[in-house]
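Residue numbering begins at 1 within each chain, and the chains themselves are lettered A, B, C and D in the order written.
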Amino acid sequence: MAEDAKNKSTYQSRSELKPRAWIADGLRVTFKTLVRTTVHRPNTIQYPFEKLVKPDCYRGRPGIVLEKCIACSKCVRICPNRCIEMVPIESATLGKVKRPQVNVARCMMCGYCAEVCPTNAMIVTPEFELAAYSRSELMFDPFKLQFESKPGYEVCSPMILPSEIKAGKTEMHNKGDMAIKDTVALDAKKCISCSRCEKTCPVGAVKMTETGEINPKTNKPIKKPAFDNEKCVSCEQCVDVCPKSCLSMKEAM
Amino acid sequence: MMFDYSGLYQFLYSVSSWLLWEVGRILGFIGIDSGNILYPIRQFLVDPQFVYFVALLLTALIYLVAALLFGIQFIWMERKFLGRFMDRRGTSVGFLGFFQNFADAFKVLLKAVITPKDADKRVYQFAIFAILAVSFMLLGLVPWDINWYAVNVPLALLLGLAVFSLAPFALILAGWSSNNKYTLIGGIRGAAQLIAYEVPLLLVVVSVIVMTGTLNFNEMVAWQQGNIILFIPLFIGALTFFIAGVAESERVPFDLPEAEAELVEGWQTEYGSLGWGLVMCADYLRAFIICALFSILFLGGWTGPTFLPGSVWMLAKAALVFFFMIWVRAAMVRIRTDQLLKFCWNRLLPLAVINLAVAVLIKIYAVGGW
Amino acid sequence: MTENTRMNEEQMAEKINAAFPEGITSIAISPRRIFMTINKDILLKLCNALKDEFGFEHVSCVCGVDMKTHFQTVYHISSYSNKVVAEIVVDNIPRDKPEVDSIAPLWGGANWHERETYDMYGIIFKGHPKMERILLQDDFGFFPLRKDYDVGRRVA
Amino acid sequence: MTEMWVNMGPQHPFNHGLWNLRVKLDGEKVIDAEPVVGYLHRGWEKMVESRDYQQIIPMSDRLCYCSALTWSHVYVGAVEKLMEVEVPERAQWIRVITIEIQRLASHLMWLAAVGTDLGSYTIFLYAMRERELFLDLLTNLTGARMTYNYMRIGGVRNDFPENFERDTLRACDLLEKRIKGEYYQLMDMNSAFRLRTENNGYLSKEDAMNLGVTGPNMRGSNVDFDLRRDDPYEKYDEVDFEVCVEEAGDSFARYRVRMREMLVSIDIIRQGFQKIRAGPVRVKAPRTAPVGTAFYHVEDPRGESLMYVIGDGTNQPYRLKVRSPIFVTVSAAPKMCIGYKMADIPAIMGTVDMCVGETDR
């Protein structure tokens, strides 16, 4: 053994203790608590009438600010329990659009949807009293999911790049920052310029641009998608929809 | 007709005789006089023997109600103080949480009575009545004030403790008849503990009898009023009585029979609604009787400065002793069955004997012999 | 394991290499760690040596791996005195008859881990005192952690 | 008296969670014991194989619900070793401090459980009151009470909120005063408590090592080994602390080890706050892990917890093995329980600090 068992026991066993009115200690401790709790109020609160004060960043059920949402479905992709689905809704201001619907019964309140949302539309609300009479009541459609946002509810987990650390920098980048964004890479040979990625991009960051060559058969200019990394929110919808899978995410390292 | 308030029983006797006399007058008024066929019933009603019987019935009724009220009041006291000892709020319904127990009592009444499958039905019910009878009977003997008692028997203490020590049989019956492994173990442990702790309890009572020379509560209190409350000379005896009393009423340091950790609820596990309610109330009642006995034997019962009536003093002292029981419950940890019995025979019994010796010595030298 | 025979990982690695020339396919060391890949017939002898000569007193974990073509069992055995953890990978256990020697008689700590590996993968440990399922009910029928046991994923 | 098999479980007030200790009784004495586990098996290791690396972090919190941070730290440590991600300085210090706060909360939860097992609800409520202090700290830091989802591959989710340090040090001072004052008088000096816990549930030193019992239960049987000192990870090599070892090997020794460990944790938190410097808290981790294996073991409040991960180039782990300390300690339960009375079993199993969530995975 590292050090042989030198006598390490730091207390005398009961038989070695000299006899004393040990009950007096326990009684004194409890009596002090009795006096303290009758003079001041006890430590417990009467739950339905008094509520615990929760910090701003408290993670109850997820909430949404419908105006900010761009339906990029990044939250759908990241949710570990797959509780979020994009659901078509009809609203006066936004017209017919798809917005996330959260099945709060399955949600484990991990806060990933709010952490990943590029426009801070998905937020974390302090609401945790979610008792309902039926499971369908817990299927929060986008309107029911709405919650007025306060600064603490938006979740942002700042990061730094490994290369920057080696370079000795220490200041971190926030969520939408260009430096830490994964950009889309195009494999030009496989691309058949079907412009599906241009249609699915929620932020319109994909433009089909001529590349100068002419298509021999139809002698029209060949167009390949060009990605505007400023607008791109790296939601990977184009990567999924591409029939020839010639798009892939290049990680910023 | 003046009611004399000399004693509860006399008071009730005069009430019942007045009542039955009025009934007789009404019967006479509606024409049942000497010639009528119903006349013997009217005579029977006004007959002193029947009045005596009705008075006893009324006393028993009053004591039943008083017992249940004391039980509930002590449950409230325990829950409130235990809460404050543990840094939380105790009961919270009604003024100071006092009506929480009535609410619980009504809730217990509404529950369904479930008897376990192939349990011994008759013994299962009888066990509840056995425990209750044993506990309530003693309340009849314990007087509250100089003349506020149901029955004033010269050997009141002897009869009381004899009845009090019938409880172990009720526990075993309850444990056995519920047809459940845990309740059987709980019942046997409970019985062993109660029987074990009877011995030091009785020895201490003997030392009190030696000092006061009587077995009647009133004379005991009168002696203490004359000389000195027995708490001071027989301090060791008071301590032993308190510890044995805590064990008798199965409270925390000695509450292994219904230890939640291993035996769920011990012998009370299989009792349903009202059965469990009464058994729990009987538990607190036994604790109350121990406190009442303690205050009579050692704290001089209802003697106290006269700005309060005697019975209030009696109740206050009983509540004080019960406060100490709650206090011990808050600070202590449950000890195992064999340690509990070993503590009783090795520690408590010698203390009781020493106390007896002290009582005899004081009696011979200080008080001047028999 | 007296005080003076403390060894660090390099000396151990050389000794083990010397003792078992043929059975060990690969061995590597890093601070306080030894990584070994062995085939299954020298497992028991190696574990006996580890326990007696090199003072490995504690089996941290025994885990099964389904490599689709064959099984693997991975042992993490640590030594309190030398403060070294050995990771032993027993490779290419045939898929049709998965059997390995049990090290439960040497270290009691491995007893339940081996039962769990049997429970999840069906690898039988010869010489184990009580080779039964531990987490799942006895009549479960098949071994859930195998790659061919498809749970029917719900694709997002 | 004939021998009688008594099932102390699966739903039994004495055990914390769903496991069953079948006990063979000869009268009151326990002759044979056989633990039965598996009632809470959720198939964690199969679920994990269909999720990517970042999605597993909130799931690893739920392995043992009263020490979530330590479990997510083991997972994140294993994956960082697989991906060779280098965690910045401040993140490592934040991890050390939050793990020690989690250890305090877990030990206080254990203390509450010991209190109820031995019949004193006062200890239960006092310990729970203290634990609330630390849960509030972690709620301010991470946003959740018990399942934090705070660790990330490559660091932690966010930095300390403002005056987090002041609150933590204030909570630690209060707990230290309470342990040295109230709990010492209420439990250590309480002869009845010692009567119930001393010389029962004895585990000899050789048995502890051989049967794989680790952590405070092992150190209670005089084994001088602590992963934080002997195999340091994160910033534990720059923190000097005393490893608490007790010699007696019975329930009271395990209780003493944990109480002293709480004081040591407080000391580590104080040193952590002195040594922490400003800097980044999270490095961007790659999405996919290289082909290869990695394992990472750490000193969990209950023992040695280890995770072995096999990466196969995709963003989902090929295999993730979890070594739960209590899974092995429960296999040694018969060794501790045989020979003692039935009424002792709650005291013995209480001081072993069971957590069934990690046992059955």
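The criterion applied here is as follows: a residue touches a chain if its C-beta (ideal position, glycine included) is under 8 Å from a C-beta of that chain, and two chains touch if they have at least 3 such contacts.
Only a predicted model underlies this, so the values are computations on that prediction, with no experimental measurement involved.
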Chain with minimal offset from the mean of all protein Cα atoms: D
Reference chain C; chain at largest CA-centroid distance: B
Interface with more contacting C-beta pairs, comparing B-D to A-B: B-D
Intercentroid distance (Cα basis), chain D paired with chain B, Å: 48
Euclidean distance of C-alpha centroids - chain A vs chain B, Å: 63
Geometric centre distance via CA averages, chain D-chain A, whole Å: 27
Whole-Å separation of chain centres (CA-atom averages), chain C against chain D: 25
Contacts with 2+ other chains: residues of chain B: 85-88, 330-332
Multi-chain contact residues (two or more partners), chain A: 1-2, 23, 26, 29-30, 33, 43, 79
For chain C, residues contacting two or more additional chains: 80
Residue numbers on chain C that touch chain D, as the complex places them: 32, 57-61, 63, 65-66, 74, 76, 78, 80, 83, 85, 87, 89, 107-113, 116, 120, 134-137, 144-145, 151, 153
Complex interface listing, chain D residues touching chain B: 4, 6, 8, 12-14, 28, 116-123, 125-126, 129, 186-187, 190, 192-193, 195-196, 341-346
Chain D residues within the chain C interface of the complex: 37-38, 41, 43, 45-46, 50, 207, 209-214, 223, 225, 230-231, 293, 295, 297, 304, 306, 308, 310, 319, 321, 323, 327-328, 330-332, 360-361
Interface residues, chain B side, partner chain D - complex: 82, 85-88, 181, 252-253, 255-256, 259-262, 264, 330-339
Interface residues, chain D side, partner chain A - complex: 51, 54-59, 62, 85-86, 88, 122, 126, 129, 132, 139-140, 142-144, 147, 149, 152, 154-155, 157-158, 161, 181-182, 185-186, 188-191, 194-195, 198-199, 205, 222-225, 245-248, 252-253, 256, 260, 278-284, 286-287
